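Two complexes follow with subunit A in common, the first pairing it with subunit B and the second with subunit C.
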Partner chain A sequence: MSIKIALAGNPNCGKTTLFNALTGSNQFVGNWPGVTVEKKEGRLKGHKDVIIMDLPGIYSLSPYTLEEVVARNYLIGERPDAILNIVDGTNIERNLYLSTQLMELGIPVIMAINMMDIVAKNGDKIHIEKLSQKLGCEVVEISALKGTGIQQAAEKAIAVANKKKNAIPVHKFQAELESVLDSIEDKLGNDVPEEQKRFFAIKLLEKDEKIESQLKRVPDVSEEITLVEREMDDDTESIITNERYTYISSIIGECYTRSKRDKLTVSDKIDQIVTNRFLAIPIFAAVMFLVYYVSVTTVGTWATDWTNDNLFGDGFTFFGIDIPGIPVMIENLLVAIGCADWLQGLIVNGIVAGVGAVLGFVPQMLVLFVFLAFLESCGYMARVAFIMDRIFRKFGLSGKSFIPMLIGTGCGVPGIMASRTIENDRDRKMTIMTTTFIPCSAKLPIIALISGALFGGAAWVAPSAYFVGIAAIICSGIILKKTKIFSGDPAPFVMELPAYHMPTLENILRSMWERGWSFIKKAGTIILLATIVVWFASYFGWVDGQFRLLDTLELDHSVLAALGSSVSWLFAPLGWGNWKSAVAAITGLIAKENVVGTFGILYGFAEVAEDGTEIWGTLAGSMTAVAAYSFLVFNLLCAPCFAAMGAIKREMNNTRWFWYAVGYQTILAYVVALCVYQIGTLITTGTFGFFTFVAFALIIGFIGLLIRPMKEYKTTKSKSVAGAK
Partner chain B sequence: MTLKEIPCGKTVKVTKLTGEGPIKRRIMDMGITKGVDIFVRKVAPFGDPVEVTVRGYELSLRKADAEMIVVE
Partner chain C sequence: MMPLTMMKAGEPNVIRKVGGKEETRRFLENLGFVTGGIVTVVSEIGGNMIVNVKDSRVAIGKDMANKILVG
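What follows is the complex of A and B.
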């Protein structure tokens, strides 16, 4: 029979390091059902029948954060055979607060005091026998980083699991409170097993609404609540929290001896410099520049360009030997075996190109993920949030949203993936939805095309694109945070600033690989499928009444062209209702730079320069300057390329939210482009039509959404509970 | 007096927490309860949030939330 051991502890207590040390490479990473909280489980090294479940890092078992709800639903619902509670020895007081709650669940508990090497170095002492006696569970000293004591901790956990020796909480609250808890336990009767009664009694007293669904019958405890609240002059939730900390304060003196020292720790000294009033911003800018420079400007882009242009392109030279690119190799192979033309096309231009589109992003992403893992585990990421919070929270974003946006100027795909570092669910979703508004490097050719063809290369066009992007983020933040889907339990910004420490190489590489692999797996499918569909639509079509495979220059006969013609009327109010522009916008979904190439083909050039110089004249003849700018704005803001959409799907981990995001982006793009064209035309030519009226109505509505007051949505509270289950 | 008004470098004792619900619970979960000492360490470069030391570790909270913490 297999044993399940749950790892529970505060964030930053070294839980991940311990999990990696215990399980090695036997890990399965996924998501908890329906939420974006990561779920990790693995098998204990040397024990095939012992499963270790890594719970999200939590401070409490309160019902207010997603992580806490996920962890407690697991602990109550799945009832693991034992809990291994990791406690940061350097921060024992607050860590024990969670321990007092874990002890009440009626599950065997082993407490592992981590970071003992640092505790010893500081000259502090933890009296584990005393601690064990005061909390009612066995205590072991470990150092997850050095690997000391972890085997004993795991074996002790297996032993208590086998003995089914449930933890019996030793800590007691004030006498009045205890008697009230006794009476609630009586009311629970036989509905709840004896060992879980205390947990449920406390939760009922705390008025924890989310616990009610776990009970067959909810006893009425309003009388007890009123009694306690009147006697102790506070709400029951606060009374219990107070009592726990009071108990910890009362025992901490006996269990923990702090060496006499008033000198600052190394971490304190680092923090004095890094978040110094004057130095914080320059240091922040330097760190961000380094991250950007390495992962976007240099190493990351070299790696991605090499993958795209050489490995999945023209090939490369390896020690003097010319090696063709993968598509060429496969094409040669297919020609050699005499494969049919259409199948060759499907394999080379559809499937291989699709796989290339997925893998091309991976090297750059891995470079970025190394930085993110380092910044997160050394403790600087928390300071990023600390420094930038003031600016970003106004738009419903987190201080940590800065990094996704910055990376997004290079490529939206790793930008979206970088949002993973934002713990708060709402801030993360908002960041995912808005990151791609920032013009990425693939949108630069479109900017160059429009600015060159219609505006004579005017210097204001490119900066204005960034301005539009930033304005879209700010306005979206303000509008969206007032909508119903982004309301719900408020998330306070009460954040621990963990001590700085040097992360291990193993943990960084592991985190890099986990994130990279999850992109390939989850985003890869959607990117590949979409690429194949668009390939099919652009290479098949009717020529002289016959449906057949087309040549590259016959794009105007393709299914895609037919589709473009049928939807082009939609874009007429935006000023570019001709089918060629519609088709270009559609192929832009594969990769934004395709827009330029597609225009090239549709105007009869097999190949054009990156900024499309060849077609500047033709394009200028086919649309007005205002229409061209509207086209530019639409393409900047609308649904991003398939790769970025795949990343959105992966990070939202929810189909509905994926469509919200893509739908919102496209609608916003449409509205802004329409207003640009209509108002622009009114100013330049003085034409006032029906759509000019619509544009003004939209602008008024938009301003209304911006300035409307924050509404209270009562219903979402219970809804978010259901969503978290 | 609330924690919001305390200048950097001062240590104060918490006497009461106002407000209710998730924010209050979160603040208390992090160890800010009646009777605990709080040392105001620094203010972020843009003037908000603040960093405090409580129960031996560093915590950051917004001034708007610090207003809920009554100190002496």
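What follows is the complex of A and C.
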């Protein structure tokens, strides 16, 4: 029979490091059912029958955050065989608050005091025998980072799980409270197992509504609540919280000896510089510049160019041996086995080229992810959210929205996934909807094409694209905040800042890989499927009444061309109503850089450079500069590629919200592109038509939405945990 | 009693009352902002502050810091 051990602890207590150390590579990462909270399970190294469950980091078992609800539903509903409670030794008082609650669950508990290496370095002492006696569970000292004591902790957890020695809480509240709890326990009767009675009694006294769904019969405890609240002049939940902290304060003196030292820790000193009111923004800008410079313009570009030109291109030389590129290799193989022509075309030009183009971004993204993982695990990212909050709050977003947008400059998929760290439901949804407005690296070739073909490579085009993206985010924030679904006061900013520390290489690489892998998986599934569909649509069609496989240069007879022609009228008011542009925009949905390749094929080149130099002349002849800019704006802002749409759907965790997001993005793109073209044309040529009038009407409407006053809507309480059940 | 935003960096203060919306108040209480607890301001930018409470650093926005009364 297998044993399940749950790891529980505060955020930033080193839980994930311990989990990685205990399980190695035997991990299964998924989501908790129905919510976008990550669920990690793994097998203990050297024990096939022991499963370690990494619960989300929580401060309490209260019902206020998604993580808390997920963790406690697991602990109550699935009842693991033991809980390994990780306690940050450098922050013991606050961490013990959760421990007192875990002890009440009636599950065997082992407490592991983590970061003992730092505690020892500070010269502090934790008296574990005393702590064990005062809390009622065995206590071990560990350092997850150094790997000391962790095996012992796991062994102890297995031992208590086998003995089924349920934890019996030692801590008591004051007498009046205890007698009330006793009477509630009696009311619970036989519905609840003896060892869980105290937990449920406390939760009922705290008026915890979410706990009622866990009970077969909910006893009426309003009498007890009124009694306690009258006697102690506070609400029951605050009373219990205070009682727990009072108990911890009363024992902490015996359990913990603090050495005499400076009042300010090293982290405090770093914070005084890094979050200083004058230095914060310059330091932040310098860090971001460095990250961006290295991962996007130098190392990242080298890596991506190498992949695109060599690995997925003409091949490369490795220690003097010529190795052909993957497409060539596959083509040779297909020719050798005598594969049918159309299938060869599908595999080489469709799948390998399509998926390869997407995978080409992987090296660049991995470099970016290394930096982000470092910034996250050393503790700086939390400060960034704090510094940016002041600015982001002005347009209805939280400081935590900055991180997804930053990652989104590399790729929207991990960017959207990074929005998970935002607890507030409304802030998170708004971040998911706006993150992809920032040009990701796949949109850069489109920018290069338009700027090269129609603006003679003018230096302002690329920065203007970022400016359009940022403006779209700011305006969307302001407009959406005033709509009914996003209404209400923004959640106040409260966030624990972890102590600064040097992350381990292993953790950085692991985090990089987890994010990168989720992107690669996307390329292997949704993008693969989409490339096959588009390939068929572009290489099959009717020629002289006959449906057949087309030659590369017959693309204008294809199904895709027919589709493009049928929707191109839609884009006429935007200035690019020809079917070729429409088709290019459609293929951009698979991967944005496809836009350039599609134009290449449509203008009769089998293959074009990344920025499409070959077709600059033709493109310049087919549309005006204003129309081209409108095309660029539309492609920057409209629904992102399928991979990113998939990420939006997953993170929204709700089909309706997914359509809201994609619909909003596309409508906004259409409106902005229309205004750009119509107003631009009016200025450059003086033509005033029906759509110029529409454009002015839209602009007035847009400004109206921006400046309209905030309406008061009745909002339902605690939206952020609504989806938890 | 004064709001936390009035306090200077480096001085320990005793928390007298935590106000604000229930959800946020609970969250702050869980983090250690309980009546009678000690809170020290580490740094402050434009009203947003980083404070030290029970050995951990917590960043709080101006609107929330205004609702924590110390004295």
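What we mean here is this: the second predicted complex is superposed on the first by the 514 of 725 C-alpha atoms of A that agree within 3 Å, B and C clash if a C-alpha of one lies under 4 Å from a C-alpha of the other, contacts with A are read in each partner's own complex, and residues count from 1 in each chain.
The rule is simple: a residue touches a chain if its C-beta (ideal position, glycine included) is under 8 Å from a C-beta of that chain, and two chains touch if they have at least 3 such contacts.
It should be emphasised that the depicted structure is a prediction, and the values quoted were computed from it without experimental measurement.
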Report task. Using the overlay on subunit A, decide if subunit B and subunit C clash or can fit next to each other. Result -> clash
**Report entry** subunit B versus subunit C as contact partner of A:E237, first or second or both or neither
**Finding:** both
Query raised in the report: Of the two partner chains, subunit B (first) and subunit C (second), which one does A:N31 touch, if any: first, second, both, or neither?
Result: neither
Query - First, second, both or neither for A:Q214, with subunit B first and subunit C second - result: neither
Report summary line: Residues on subunit A touched by both subunit B and subunit C 59-60, 62, 64, 91-94, 97, 237-238, 241-242, 245, 271, 275, 277, 280, 382, 386-387, 389-390, 393, 489, 491-499
Report summary line: Per the touch rule above, subunit A residues touching subunit C in the complex are 59-60, 62, 64-65, 90-94, 97, 237-238, 241-242, 245, 263-264, 267-268, 271-272, 275-277, 280, 382-383, 385-387, 389-390, 393, 489, 491-499, 717-718, 720
Report task. Could you please specify the touching residues of subunit B with respect to subunit A in the complex? Result -> 17, 20, 22-31, 33-34, 36, 42-49, 51, 55-62, 65
Query raised in the report: Which subunit A residues qualify as touching subunit B in the complex?
Result: 59-60, 62, 64, 91-94, 97, 235, 237-238, 241-242, 245-246, 271, 275, 277-278, 280-281, 382, 386-387, 389-391, 393, 489-499
Report summary line: Contacts from subunit C onto subunit A in the complex sit at residues 9-10, 20-21, 23-24, 26-32, 34-37, 40, 42-46, 48, 50, 52-61, 63-64
